[in-house]
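Note that the chains take the letters A, B, C and D in the order they are written out, and that residue 1 is the start of every chain.
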């Protein structure tokens, strides 16, 4: 009954696994008109991609992504490779009329992103970027509450993404495992890797950012490079702080770093509205903190909402109240929504165009960090 | 304008300090018709009681409590000595028509307590027992919410008081500092010291306990005795667990111990009602956790109420929202309420009669622990 | 390379889904010598079992469990039906030399359990009971810490399993969805359903329980029965509290209820040892609270351990530090361990024999609740 | 034995109460060579200052602060009036050779502060500013840990002070109760009121701030003025965000607002060091969160330290472990330290000179907010 959606996966790293798991699980839990079929996995290392394909039951392997993109039996290409390869592959997908799913950030910068948006829109192919945190049920619930007007006028939006895994100066940069530390492959450091998530969520929940002022720092100036074997200058930002203004008049305060000892992946956001406030924390992703000033004064307090009830977003598809789901489920939800979007013609967000907005904020952030001046965010 | 209330303090230990502080502060923060005047402090050790009196500005000292009780310039005697002395002093206070404030537990057992209740009631003197936790604002707020019917039918009442300060077997028993470990002075161990607090709060919030079944344990069987210098059998209970039934049909589960590593003074209670639940924790005494099922489903959750607003019990007399008060303030509140009760003729709770109810539950708990059988709580 | 392990699933309810998901996922994340193959699903309702089989890709369906048990192409039978059917099916599995996985509790009571243990042991078939919480990484970590002796002598073990889903007296009992409220199908109420989990974990972490004293209550005395359509007496326990003694001298305090407003599935346990304490809570299952008295005094405090690092149990197989897994993963781990046990001949715990220990504690608890007397736990 | 320290209090508002309480209590809990004597209270409203003096047992009242400052029986003047009066009074104190205690912020701006520092230093009088949060035991403990080198190289310092009490646009500005909303009396809004606390703590814990970039916002542009009765422009900042660099190379991210719904007085700071991190929150001021990477990997986690043990700063003077103190105690500690400083000749921090450093950061913050440019902090 369900139509096949033939997937070609490019890359077999962390995100390759996360997406493959989503494809494998989604029809067990969601009633959908299509079923992902794992047609082919692609990677430059034949043995490794073979092992990956075996583990996840991909039907075939490719070692040249161009071949995969041209295969007539592939409907949809999933780009899970370093950022510097996104554009070229996406353009090829558009040229071959493939649907295209791209890991975040969309591109190395806004200029690349613009080309990608144009290509997929001109080709008329379905497209989406894996800003998966939108589909953590607690985050989706936040969106619902905001859309219902529960918060009233918004005054503040605060987001942080704190990690601590690069404090050790002996950690090298570059190569398969550590391309995120290599500016040539990643384009930027915590901005594109971590802040991009914070910005995507913020634009979705709170609308456009108008202007930003930023500060970046590279704490460890040189690291051995895995590809050259030499100690080389570190080109990425280790930490990035920015503030600014949203179009709705609220203030932004964003920060990310990989030097916050004690935090593994502490993505938090807080929104303060006239009537109510919301706080979320990736470390306990199944909870939403909600404060409503309209609650009776004597018992007013932050509510710790365990987002595991059937009426909570996506949760009727899983277990029973009190039993939490995890990180990987956000990808399952995103695949489910992507399929619904393809079937209905109303594409699931964030599309390339949606994700490009984040890219343009990142451009402004990095530009401001260079000069110390406020920079207006470009609108495509 | 304010009349003096002449206080005679017997004892100068931890509770002597806590009460003296309350007497010294209460009129700074509460508008009251009377003002405690620290007339005399009493203790067997002349030098120590002198130092205590100097520190707290007591006008005089006594070394014989009988003398203090008979002094015509004393209106009100405060008993802050080990439990085995409560009865005799209280009876003397009644005989001398002194108001009497007594540290908890009221007595060594129900039989002693009965005599004390009769004595003060026959003498017609104001009387009160220092179950101070009733007047932590968050606990008083719990009482208000229950009295307003917010919880509906009650199903469960759960209380614990966990400490860890006696795990070391080298700790001796007895003497001034450690009389709580000496059964001759204390009457019992954690039951009278810690569970007594839990029971007092429970009877106040949830009504009478009808029957109980208990288990006690003494983990360290022998300790050096400070008075004899010899290793002696430990007569107190180190831990006590009981369950039972309240008159309103709800179930009780109570536990206290001094062997719960990591807990300094973790007094917690939780009440589960048909519509709402309440949780409180002495370690964060300025917060009340409140869950109301009638909250909208999507944002239903435990509310963490920071009990520091002006409309919260007692809090208009202190600082501003967000600024917490501490342990000592519960005693200030109790003095304020005692004075209001004396002035109005409507005595503040818990009176000796109220506290006797806790004593009778303790009797039943200790009786059950001996036989393993359920024991009905006697009603005086 | 991996050998097939042909699974026959009996039941297609909540647990049928949870186990099917585990079978489908396990080889994606764990390197194992066998691979579950979903051969057949069995249920009395042909249409429903068909739909279930389609969703999970079971190769065939049966409507008579006896047929399934006799099928030569089935290696391993998974019993996911109400408790009153466990014994008969398990005995048939043994008779047919099938491996058998059984949902918890093992049986309606100790007598049934004894038969089942004897049958599978005599038949020499691999067997396991789905006490899945042992394999939540934080719980497994607790086991490691205890086995390393970090806690020292144990004084207290405290466990609760609190829910609130049956407070509404209009909720009926019995039938497919609500068999847990029907004593004929479930055998008992919260004891077998919830306390069984607490007891299994406790026996694993803290050794045998020697004696118990219990109290049970049925708050709603009558409910409409889904099978008869009539209002009938409720035979299950709505709440159960017990205390007792472990063989190692520590004290037990256990409670479960479905009338604790605000708690969806609050399974918590705490262990207090001489040197350290541990606390865990199912509502935040990826965290372990750990207190170590040997930490330096100034910074000693309860550590909130986010159990998501590669060195934590099972976690190297999932994502990266900070990214949590959920409830369903405990079943994946259990399948992985079961397969390793089958391959090595060293069966994964808990076997039927292990689970029977929990059944015997439940027998003692329910016996004590009837008489109010302490009851010794039988040792098979 | 203890010498009198004759206090003249100017102002009788919130801070007048907080300081009076500290003077009244300090010798009950601390052994000190001097004892504050409440000689005189001063305020323009005779009836109100009389009532205040009666409540706190000040021996006399004045309605003209110049008179009080000139009284030969006053040793030490305490300035608890709006910011625009600090300078003039402080200069008069210096001229009269009075010790002077001043509420924070020291002055309306750095220029005023400079005059004040020069005056008291030239006069050689003891001086101190009431940045009381330094003496919350958990904050003092943070200082100890940093000074011991526990954190190693510092990467990040993050502070927030969030309130929500001015969201209502009907709230007027100005007058006795609301002078903090009137720029003429307060000098600035949240910067001087709230951020000043954050900056003082930061300079103490983490050293100098070198440069800052700031953003301010006034959400409610006009409010009725209590003094004129007319709707007038609001001149204060309702919210202020800044980032910057410390001299030690770490990055600053600071924010304060009175428009963060749900936060009464949420002053938090977090310091991320190479080896360890610290977090503190005024809403639970008796706790310090501490993470030490050197803890064993399996049980590494944020430690919640209940700062109530005898070995914790100041705590041996209060109650017993587990029993918390509150907001007011920070002032008691500050008085105790002030007296020790006067007696020893080694003045307690922060002196006017220390507090001026905070004033200079505020100047830079407000200057940057006007232009959007980074501004270097002036060093006096």
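Methods note: contacts are C-beta pairs under 8 Å (C-beta built on N, C-alpha and C of every residue); 3 or more make two chains touch, one makes a residue touch a chain.
Note that this is a predicted model, so its numbers are computed, not measured.
Enquirer: Look at all chain centres (mean of CA atoms) and spot the one farthest from the centre of chain C.
Expert: D
Enquirer: Hey, which pair has more contacts between C-betas, A-B or B-D?
Expert: B-D is joined by more C-beta pairs in contact.
Enquirer: If you average the CA atoms of chain B and of chain D, how many Å lie between those two points?
Expert: Going by mean C-alpha positions, chain B sits 36 Å from chain D.
Enquirer: Averaging over Cα atoms per chain, report the distance between chain A and chain D in Å.
Expert: 42
Enquirer: Please report how many Å separate the Cα centroid of chain A from that of chain B, as a whole number.
Expert: From the centre of chain A to the centre of chain B is 55 Å.
Enquirer: Going by the touch rule set out above, which residues of chain D reach two or more other chains?
Expert: 263, 287, 302, 306, 309
Enquirer: In their shared complex, at which residues does chain B touch chain C?
Expert: 155-156, 158, 162, 164, 167, 213, 215, 217, 219, 239, 241-245, 249, 251, 253, 255, 257, 259-263, 272-277, 291, 293, 302, 372-374
Enquirer: State the interface residues of chain A toward chain B in the complex, per the touch definition above.
Expert: The touching residues are 141, 144-145, 150, 288, 290, 292, 295, 297-306, 309, 311-312.
Enquirer: Enumerate the contact residues on chain A facing chain C in the complex.
Expert: It is residues 14, 17-18, 20-21, 24-25, 27-28, 55-56, 163, 165, 263-266, 282-287, 306, 308-309, 318-329 of chain A that touch chain C.
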